[in-house]
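Next come two complexes built around subunit A: one with subunit B, the other with subunit C.
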Partner chain A sequence: MKMRTKNSNAPKKGSSHKKWAIGFSIAAVVIWVFYTYIMYNLPDGPQTIFQNWLPPTTVNESLVWVICALGLNIVVGYAGLLDLGFVAFWAIGGYSAGWFMSAFFRQVNFHFLSPSDAAKQPGIHLTFWGVLIVGGIICAMFGIIIGAPTLRLKSDYLALVTLGFGEIIPQFFTNGENIGGFNLSNGTKGISPIDNVAVPGKILGPFDFSWKFSIFVFLTAVMVFVSLRLRKGRLGRAWLAIREDELAASMMGVPLMTTKLAAYAVGAFSGGVGGVAFATHVNGVFADRFNFSISIILLAMVVLGGMGNVWGVMVGALLLAWINSTGLPAFGDLVNNTFHTAINFPSYNFLLFGGALIFMMLFKREGLIPESRLKAILHEGDDTTSNVGGAH
Partner chain B sequence: MSLFSGGYQARQDRRRYLERTLSTVAAFGILFWLGINFLKSPSQFFQSSLIGLSNGVLYALIALGYTLVYGIIELINFAHGDLFMLSAVFSANFISIWFHKDSSGPAAWGVFLMCLLSVMIVAASMNVGIERFAYRRLRRAPKLAPLITAVGVSFVLQFIGLRWNGSGPKTWNSVLPAGKFTLAGVSIPFTTIFSFLITAPLLVLMTWIVTRTRQGKAMRATAQDQDAARLMGINVDRTISFTFALGGALAGAAGLLFQQTRGLTSYNLGYQLGLIAFTSAVMGGIGNLQGAVLGALLIGLIQGLNDGLPIGLGQQWSQTVVFSILILLMAFRPTGLLGKAVTEKV
Partner chain C sequence: MKKSFRAVSIVAAVAMITTGLVATSAVTNAATVLTISTDLPLQGSSFDSNDSTNKAIALYLKQINYKAGKYTVKLKIYDDATAAKGGWDDAKCAANAQAHVANKSEVAVMGTYNSGCAKIIVPILNQAPGGAMTMVSDANTNPGLTKSWNPGEPDVYYPKGIRNYARVCTTDDIQGSAAAQFAKSIGIKSVYVLNDTQTYGQGVAQAFTTEANKIGLTVLSSGAYGEGWDVKQSSYEAMFTKIAALKPDMVYIGGIFDNNGGQLIKDKVKVLGNNTVVKIMGPDGFTGYPDFNSMPEADGAYLSFAGLSTELLLKNAPNGAGAKFVKAYKKEYKKDPVGSYPIYGVAAVQVILAAIAKSNGTRKGVTNAIFSGSGITIPASQSVLGKALAISTLTGDTLAKDITIEIVKGGAETTLRAWTVK
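Entry: the complex of A and B
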């Protein structure tokens, strides 16, 4: 499978950032060439297998998950702050696309570098690249707003506040049809369609998977680059220090508030980018998609892959996104057709993700592709003769 | 510029001043809102309060489980709400399917009491089992690990609920006496009286166990300092198991009461109610038993008033109101209403 080649190439190249760039590009180009030129020319048999098990839409969706998971990795993996409401940023990013890239706000008429087919429509039409940045900035602002008053709390309280935030934002969008008489989110009907993305010489239709794949791969590469560079820099080292011992870090002169807020803002920014990308992927934004399980799946991706390790998180995200969208149903069909059973495999999602979280925590806390420093910390308490109390 | 300069003390004073002003404004706002609603329709006001309080009693039973567990091992047991959900599904099956009781009567009341006992035992043993297999190994691990495990357990329990109860909500007949009486324009269903009658003794019993018995003393000691408690000869593992059993039993009773008074079960019940209950526990000051009950009654009341009053945000904003309270509380008074501030032990 193509996803495999990408996964196995990438991690080895992680040591130097020139190497990873080469590996990443090769993997991306191979997948791109395959889906653009080879797959549709394959004989019917293999082509059906690919359509069933790894269709291009799943590949693109997985990349969106990777972008969000890498953002969550900065918050959870680098800075060690548990965020259980990441779906809120995904939702805000999605609605930024809905607001600034569609004919939804008919009252106004604003165009900025928008694709030519949107020129005659009313509403706000920004270019896709602009919306990525706007959506990211809005999310980063929300990240700071939610973080600023709560970051002095203990970690588990913080988790709860983010969880509450992740509940409020989707409910706000669900009920947003009438905020003081103003239709802000079109309620459960959602905002659709979203403007097409324009690339030089072409306007991408909703089924232009190859082009969108290149765009998403580019965004993923930017996220990977940012994650790796930040990790090496001053900010990244401050994050790791906070993750390892907050009290000691603050005594060493790490400014706790700004460092934590930076983690929140960067994480939220990429959540927003992922949200915008997802909105263009499904050509719309719908309130009922944004529920708690998305936050948990993202968390499972980070935990499964290896908190703090960019390549691990990427593998975890690709794997779980694939299982969630195509793998489990396709596997279910295979089993049901072979053994003539009628088991509803997608309903085992809960068991799968819950079980994955429990077993990873119990037996392999550092994830599939661990980060060496985190591995050492996570097993600090295993020494039962230690006289450090249960509370960390 | 003098307002924005100054040392630590000045900043603290300004902060305190800001908090006091804000809370005064908020209190007046709430009083005004309650006042106009009361003048508009007194009977509706009391009706909503009653509904809110009867919800609050349920929240109290669940919130105690959170607060007990948090008090002793500092873990937000995300799976607790789902334990409550499974108890509700268990009770529905016990009464309506295994014993075929779907109307009120002396025999049905007997089944109800049997169910109360068994659901409490089942939920308690499940909670102990969860602690034994999922949390105990992680007791000395960094906090993130047990928290993520708890989320995982919650998902697994939801899966069991999904299998058992189906993907949609199910409605059931109650075996509690139906009907209601009217007092000054406020109709009071008998089921509400029943839930008060069942909850009150449970709360008293729990308080007695924690404050008066030997086991309760061990619990309080373990909560204070596990290592010191172990040195004093307390079996810490058993004490923690006992705490989980106590919390589980209360969640079991809450499940039965919910199923009988609302006549509804659904696999995702635990998530919403669990969050609300946890908010209550935090509101009262987590780790504080009286606080949990107080917080639960207040949250129930706020929710009831918001949903039922003529001038209010209405039911579709219910969750938002509750979680906004949670966030504001966390921002300004993380210790809760009755909690005490503690400094970090190094």
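Entry: the complex of A and C
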């Protein structure tokens, strides 16, 4: 009986991913068409509503959050390694863009496929696509560096080390203005502006949302594809095995070291890509942005959406990113204007997040769109009335 | 099957909401109604001052009956801070810049409060399709925004090659110089310079250090802008113990109070003694904070303000437009404006309104009114600053070089004297 369910489950799972992928593509196309052709031709009223509630910048920013959350999902959701310092990779990715796509290093003059408007500037100017890869690789290397000493740690201790890492890296950038006389990060002043992104035949200015949106959607799609393929392959199955029982996994011949390091590296790569994308989004990189709360929000996105399920994480990330940047302030304006109050809604952001997480833990621990495997584990024994304590 | 049903229902729900919003009846504005906005941080400890600025501007617009020439003006308020950061947020600044441009009726922005935020917003407004949109700041004192300062500045902020940024306050190079000259005038021989490592703090500390060296004060700190204080640190006792060994007459704190300034002052007094023993002086980043003034450790601290303090303004022109406005503010809101920036906020709005009156009601027109031809001058009879306010058509800076020296006494900022930079 059990075998049959499993067998009938497998093809269904694949087709469900296909449906989600189709849904994702359709949503992406609809949003693209809407923001490219429809929104700016709407009458002023509805257009203002969209500008207030869902401006194109928020859509793009949310996609950056999705890219980072998908990376964290590999570490936390797949391999079960609690990471409280993911912001470090976002920061390193951002600074990669700052170093390789701006006039910051004035002492050198290096151009490689850079957009034509940067041709006359000093500094290092690589093409955006190159920087994505370079930033990703640098982050992957740091992922391995952080991963290596944590291999023998579990749960709380691992979380503490990652937390430390997430604090050290931004602090390093904050104070990195004078490293033996060398200015690595420009301190809290940050590095700005960053080169514009060039696509064939066009240099994207700050108002080319649709183009940026297409690029961000493409990056998200790549991350989803990589996540799904890895999940199905040998490495993904090894991650899940470690997540569920590390000791058993190692007894069955899963190499703990390489498998864990691979999770850190792939996750960090994604964080680096997100960091580069974000730097081009805000046209700069600023050290004091990378604080602990970013790591926590990313973790909340993964947990809320559904650990281990890329689609769940995507929905969770889009939702929380929207609430954080636009939803709550817009809702606050609506309430304050309607009832003539002066409540500072954005200041209740973390109360809302915290409350939402507690309720999720109480009533829907597996997340909004759960991974079927995790759901099965969490609800193991739910139907046995004799199991009073609920052994999970 | 269940999953796909869920996906379909989500898509359907989104589609329904979308159609619902689109179907909402359109509200069209007549072309003569223009929007001006304020873009200030409304979270964190600078809230009091900026909230007061928004209130002052709202009152001023009411007083002039929302008219600028033949145009009617509406005010829209933006917040460039987030609660998570407790102050201005780079992503929020970028998003606001996009929102200013996307809001079709908006012709000019009054803001920002923080120079760092301006450095994000100005380049985006500069590239606005259909012509650069102008921002006039009441409080950005970093010189690099308008004049050569760090490499590449100010041109990096104006990618289209035209100017679209003006300000009504004086800049840090002038403020820092004035502070150093004042320090010498009260008999200070040696100083130790600190900064909060941010754009603004380093800028003013650099100007102070340069001038101090020039006029023969002994600068005990090293580097162009002295030593940075780490904003996240919970104690500065070690740093001040090190400074105590050098025996400075004065410590100069270039930075803003938000950046852990309270702890800094406490530890300064704890280690170096109160502010009559070793003097302390800060820039306008420490003005306008009731929290700072009420600290017992702040008593006797000297502060400089990049303009004329409200107190000085009332004394200089007791019957002028500025004095009248402050009285009206008190009558309307039952208390005084917080610090001196609210009045500068109104002055910035006066510049914007004068430009709108001179323009054809477009963003480009407003920008041209400020940066071409005779530019904008607010006559002394109308200016809330109590004297004529002229904006340079080349840089967008105010031509005034007023600095006010204040001292914290009995829990309040009191004006000591005006200082004209030599």
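One rule holds in what follows: the second predicted complex is superposed on the first by the 357 of 392 C-alpha atoms of A that agree within 3 Å, B and C clash if a C-alpha of one lies under 4 Å from a C-alpha of the other, contacts with A are read in each partner's own complex, and residues count from 1 in each chain.
Criterion: a residue touches a chain if its C-beta (ideal position, glycine included) is under 8 Å from a C-beta of that chain, and two chains touch if they have at least 3 such contacts.
Small disclaimer: the values here were computed from a predicted structure and weren't measured.
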{"item": "First (subunit B), second (subunit C), both or neither touched by A:N175", "value": "both"}
{"item": "Touching partner for A:D156 - first (subunit B), second (subunit C), both, neither", "value": "first"}
{"item": "Which of subunit B and subunit C A:G23 touches, first, second, both or neither", "value": "second"}
{"item": "Which superposed partner A:G312 touches (first subunit B, second subunit C, both, neither)", "value": "neither"}
{"item": "Which of subunit B and subunit C A:G45 touches, first, second, both or neither", "value": "second"}
{"item": "Contacts of A:T57 with subunit B and subunit C, given as first, second, both or neither", "value": "second"}
{"item": "Which of subunit B and subunit C A:F350 touches, first, second, both or neither", "value": "both"}
{"item": "Touched partner set for A:I358, first subunit B, second subunit C, both or neither", "value": "first"}
{"item": "First (subunit B), second (subunit C), both or neither touched by A:F165", "value": "first"}
{"item": "Common interface positions of subunit A, toward subunit B and toward subunit C", "value": "171, 174-175, 347-348, 350"}
{"item": "Parts of subunit A lying in touch with subunit B, wherever the complex brings them together", "value": "76, 80, 82, 84, 146, 149-150, 153-157, 159-161, 163-165, 167-168, 171-172, 174-175, 247, 292, 296, 299, 303, 347-348, 350-351, 353-358, 361-362, 365, 377-378, 380-382, 384, 386-392"}
{"item": "Partner subunit A, residues of subunit C touching it in the complex", "value": "3-4, 6-7, 11, 14, 18, 21-29, 42-43, 79, 82-85, 89-95, 97-99, 101-104, 116, 119-120, 123-124, 127-129, 151-152, 156, 159, 196-199, 202, 223, 228, 230-232"}
{"item": "Residues of subunit A touching subunit C in the complex", "value": "16, 19-20, 23, 26-27, 34, 42-46, 48-51, 55-58, 61, 103, 106, 171, 174-175, 177-178, 187-190, 192-193, 205-207, 281-284, 286, 288-289, 291, 293, 297, 324-326, 329, 344, 346-350, 369"}
{"item": "Partner subunit A, residues of subunit B touching it in the complex", "value": "73-76, 134, 137-149, 151-159, 162-163, 167, 225-227, 271, 275, 278-279, 282, 316-317, 319-320, 323-324, 326-327, 330-332, 334, 344-346"}
